[in-house]
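What follows is a set of structures to go through.
In the two complexes that follow, chain A is the common piece, with chain B as its partner first and chain C second.
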Partner chain A sequence: MSADPVNVLLTKKRKFEREPDGRSIDFHERVFELEQAGEWTVHRVPEDHIEVETKYGNVKKIPRGHLWHHKSCGQCGHIPGYSTSIFWIMRKLGYDYEDPRDQTSCTAWNYYASATSNPAAQAAVALRNFAAAYETGFYPLIHCGTSYGHYKEVRSELLRHPDLRDEVRKVLAKLGKAMVMPEEIVHYSEWLHALRDEIAAVQVRDFSQIAVTVHPACHYYKLVEGDAIYDPDIYGGQRTAVVTGIAQALGADVRSYSTWFDCCGFGFRHILVQRDFTRSFATMRKIEVMKEEADPDVVLTHDTGCVTALDKSQFAARAHGHNVGVPVMSEAQFAALAMGAHPFKVCQLHWHSANYRPLLEKMGIDWQQAWAEFQQQLDKLENGGQQFVTWADVDA
Partner chain B sequence: MPSTTAPHRKRDDAAGYADVPYAEKQRLFELVKADPRYPDYLYGCYECGICVAVCPSARFYDFSPRRIAQAAAREDAELFYQQFQEDIWECSQCFSCLRCPRGNNPGGIITIMREVAINEGMASAKEALEGYSRIIYKIMSTGTQVSPDMLQPDAFPDWGPEVKDVSVNLDLWRRALPPETHHTTTTGWAVAERTLIELYLIWLETGALSMIKEVDAGLHMILEEVMEERLEEEGIEL
Partner chain C sequence: MKGPADMCTERVLVIGGGPAGLSAAQAVSDLGVDVTLVERRSFLGGTPIAENYASLTPFCQPAEEVVGSMVERLKSSERVEVVLDSEVSAFEGEPGAFVARVATPSGERELHCGSVILATGFQHFDPGRETQMYGYYEYPDVIALQDLEAMLKAGRVARPSNGEPPKRVCFVQCVGSRDRQIGNEYCSKVCCGVASKEAIEVREHLPDCEVFIFYIDMRMYGYWENQIYWPAQERHHIQYVKGIISEVLQKGDKLLVRGEDTTMGRPMETLMDMVVLSVGMEPSPGTRAMARVLGVAQNKYGFIESAHPPLDTVSTSRPGVFAAGAALGPADLEDCASGGGAAAARAVSAIRALAAAG
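This part shows the complex of A and B:
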């Protein structure tokens, strides 16, 4: 092991051992007990699924296809290449899905920012969405890390508190919705992780020269920690395996850094009304440390807020002479690029702030030509009588 | 009653809370303690400081998740009140503090404290939500939180020139997105009308809408009008 700061630190750390832990008991049994008791219907994971292990060794089923995409406010709102890439990968691999309009936000961004809600409302929002998915027959796949973490929190609260279940049941009855709890709450990054070999098998771009650092999202693996995917072969099981697993499968050079456990500085309310904190934390505790210790070509993460905070914070920090300047994207966009996706038509990188063009060049992508192709598509929208770009246009 | 000059607190007169009776502080603490989640969030404190070491807010503010857990564990209503007014809105709600070896959830205690601060219309809640009304309006009335049209250069000058590019080209760039649900500018995706009505019913039936009455009466009035009018159109009586 080298004398890099991160490796010196690692030798001093107490190691996590995978053992059953009282704080993270397997919830599945209780979920099915409540179904037996007639309290709710369990939406079962489809037969076609992959089994992975979570932090304490429990099995988690990840469905391959027939998925109901629970979209993310921030991804759809200001990082639209994020959700588009998830859809594109799924289409490319030939899995069917539902992109519903009968879906609201989990509303947890606002809840963690302003607390202008309560447990009953949050649980009702979650279960309304779960019921909407169940009605279609498609299985929910959660795009946002905060939605995923919050829904796991909601599940824990519902399992513990019968009064809360009763309150939510009454509210849902007024909507004409049934009480439905999915057998597993599945994040899209878990889907990418479980299918990483299938994705790597159709890779068309060589990423062996691409240096990557990974920011694991707090709400993915810190909230209800036991239900996040870990793999003894990835970081020795000391960090969540998602994101890193697929980056490695795609042949990228994944590099470590000492502040990997730190959050991104998003802060929920801070990113909107107190961004001096977000900018300081995202750059001084994350980007600068990554640059100094690992010098990545790109930062990969798997949540809306993390992409936002880490990407958007760099512009002002650069003006102040900080050591920043590294593109940030989701591993979904990274995987899509590996599979041959168009950087602008699919990955929509023009919505990002940090300069991604040197990365594209290193990936062997002529970004100037790609931008010209995208402009041609825009011309058709402006002058060619076409109202919207369709999947057929992108797949062509 | 604990001394108001205890070294772990600002003096009440300096902090500006000299005129708040102890009984009121105790009442607010009891509201937090009565939350059904509270017993799952506090088991005691080793005072090890791991929560502080991993806390992003502790690095940039005079803020400590350990003090939150300790004040709660000691049932120190005076300190708890000070934290209500000065600390809770600095938390990032990242839940890194769940690394607590005792199983505490200081971030979760703060979530409960914030809810109480909102319900009670506390000064810190009003101050924290200044400039935030449009976000609450957006999430409660449209079902998605941040919409593409919020990306305006004057709102996000620190995000670089790309924000202006998005703003100028917004309609065109949204039409260039392949997913059909993404051809929107005022919401993150296209939410069905029926879905929105169901969401309004949730806000009204669970009391979530009423929560903002104490902190932003104007916003509450507007949202109530929007929701009730829409529900009335559907023939839904409350």
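This part shows the complex of A and C:
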């Protein structure tokens, strides 16, 4: 009772222990109740999984392998090295997966950008993709943060509204699809987080000198926030643990900055109709603050819009003399680089705008040689020697 | 010990040795009935002592002195038995003939009693669970009301990050209270008064320190308005700002406090050296545990449910078991002390009624 109060306080702050509260209601029970009632089939997480803790203390199962990759429109269109890195890591670790050709867009872009569409259409698209995954036997892994967040909102709506389930059932019947709800909706960054030690064990590049800032994606941890991963050992359990967790596992120097909670500026509606706002916010509210407060070598994030907004807005701010110029990439690309991935054949950093070359040099990568190797690969394609780059080529 | 009719045990069991439990045990003893007080800690006095409160709201008397005098008076009462470091592990029986098993450091003990008073109190809301981004576990200079109390008691208000006296301090009200997202929709009653009291004390310790209180609306019950609220502004120049703080962030060696100034109707950002979170009250682990062991109903928040409100505030769902103080919900010290007395009167009258009925 008479110890120094500051020491007592600092000791107390070393460990946050969550207690259940009004927000900790676990949705899983309801998902299985509806299966019991014959409303849908629950796609169970494979037995080979890792259990992690979510924001309010519930357990989430993250499957290791046998995954059905629900890709991202924006990643495939603008930053292809993002999804390639995810596949490459999975192959390197020896986990099987399915890269489907019949996955549709989640259509959440319409919903968030312009409020078009309607709940039944949104939910039907989600369950259509879940059914497609179930048919293959592979478990869905969502690459896009927006799809992931949106599907979780859709799940909440479906759990609460029988009339919505009825409407969706009619749509799926026309498609010849069953009503399927996965036991967990899993984002790729959760997979990287859960397997971070496994990834770090095969790391070949030293990242201890790489200063990192993390932009956590709004659609990952602000939508159905109770289902996002938190860890009392990362930020004292006060911010989501994904991205930071793997960056720390890879030995990087993770630095904080005051606007970490802010949006990247993408904003969906803003990038479409107020793009100047996006450019200003991404640079003046995020990149410049990071530079001033943390001076990172790279910004890591885990969603499509965040990578594009933070990276591709910097050219405009640079033209106006702002203090920008930090490479931006996904933590998947960062982890792949740590594991020895080729910066252009796998991570495809040439699709990124901010100058990443000093970062590669700091990572010990000879980017000029790597670029020459990539050019040779392109020559083969141009000469008609090959139709496309293969997995064997990227590690050649 | 058996009662006059050899049917009823004329002993009251009080569980919890904080202000409500002390008051209850004292009143039972004063009414001429034997009382056993079981306390899980190794000392009496409850949260004000365990959390090192400097002074009590609203009169600012030293907490240790005031609570200490209650403890001393109780200990000197002949009819009182105090059992420390002990917890009730099982409970059975009927009014007038209850049997509690008590786990003590020297082994399990069976205790016969005619009625019981639960005074197991509250715990401070853990700001790590807050919906807003207050960074209690991230930033050393974000502290809670009880942390500042301990500093005030030690006579040194300093920033935990560097040991220097703060030049700008703010209090953030309603942390963990009046919050639907967390599920604590209730007002914790005392935080506005305690924050204002502590704000005054900070100004007294550090006259050059600017002190702000960010509030949704100030709830200064009864005389607290004139005892604390107006002096805080008029004599001590505490600055009350109506607004909601949404996040606290590290900015260099300062804390950036961000929120909305609802009077001005605009967003607000300001730098502080130290942020004090006015955390609310939640049922203590002891309150939750004893409710289960004794089989009394709890409300949706986990506090003991008062069976016949509003005029009978101390009866629980189990006849012969009464409750007092913050085990029933957020309460100030006056309520705890008077609730203890009311519970004692009911507990004693219940025994005597049974004894009289033979």
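Quick notes on this structure:
Just so we're on the same page, the second predicted complex is superposed on the first by the 373 of 396 C-alpha atoms of A that agree within 3 Å, B and C clash if a C-alpha of one lies under 4 Å from a C-alpha of the other, contacts with A are read in each partner's own complex, and residues count from 1 in each chain.
The rule we apply is simple: contacts are C-beta pairs under 8 Å (C-beta built on N, C-alpha and C of every residue); 3 or more make two chains touch, one makes a residue touch a chain.
The shown structure was predicted, so the numbers you read here are calculated from the model rather than taken from an experiment.
In the superposition on chain A, contact is made by A:223 with chain B only, not with chain C. Of the two partners chain B and chain C, more chain A residues are in touch with B. Shared-chain residue A:293: touches chain C; no touch with chain B. In the superposed pair of complexes, A:236 makes contact with chain C only, with no contact to chain B.
Within the superposed three-chain model, A:4 lies in touch with chain C and out of touch with chain B [touch as defined at top]. In the superposed model, A:320 makes contact with neither chain B nor chain C. In the superposed model, A:272 lies in contact with chain B only, and not with chain C. By the touch criterion defined above, A:261 lies against chain B and chain C together after alignment on the C-alpha atoms of chain A.
Chain A residues in contact with chain B (one complex) as well as with chain C (other complex) are 22-23, 261. Partner chain B is touched in their complex by these residues of chain A: 22-23, 71-78, 80, 83-84, 87-88, 99-105, 107, 109-121, 124-125, 128, 132, 149, 157, 160-161, 163-164, 167, 170-171, 174-175, 177, 218-219, 222-223, 225, 261-263, 265-270, 272-273, 275, 277, 279-281, 285, 312-316, 345-346, 348, 350-353, 374, 377-378, 381-382, 387-391, 393-394.
Here chain B touches chain A in the complex through residues 36-37, 40, 54, 56-57, 59-61, 89, 92-96, 98-99, 103, 111, 114-115, 117-118, 125, 128-132, 135-136, 139, 143-148, 150-151, 156, 158-160, 162-163, 165-166, 172-183, 188-192, 194-196, 198-199, 201-203, 205-208, 211-212, 215, going by the rule given at the top.
Interface residues of chain A facing chain C in the complex, by the touch rule stated above, are 1-2, 4-6, 8-10, 13, 16-19, 21-23, 235-239, 256, 258-261, 293.
Looking at the complex, you find that chain C touches chain A at residues 43, 49-50, 52, 126, 128-129, 133, 135-138, 140, 143, 147, 150-151, 153-154, 158, 160, 163, 181-184, 247, 249-252, 256.
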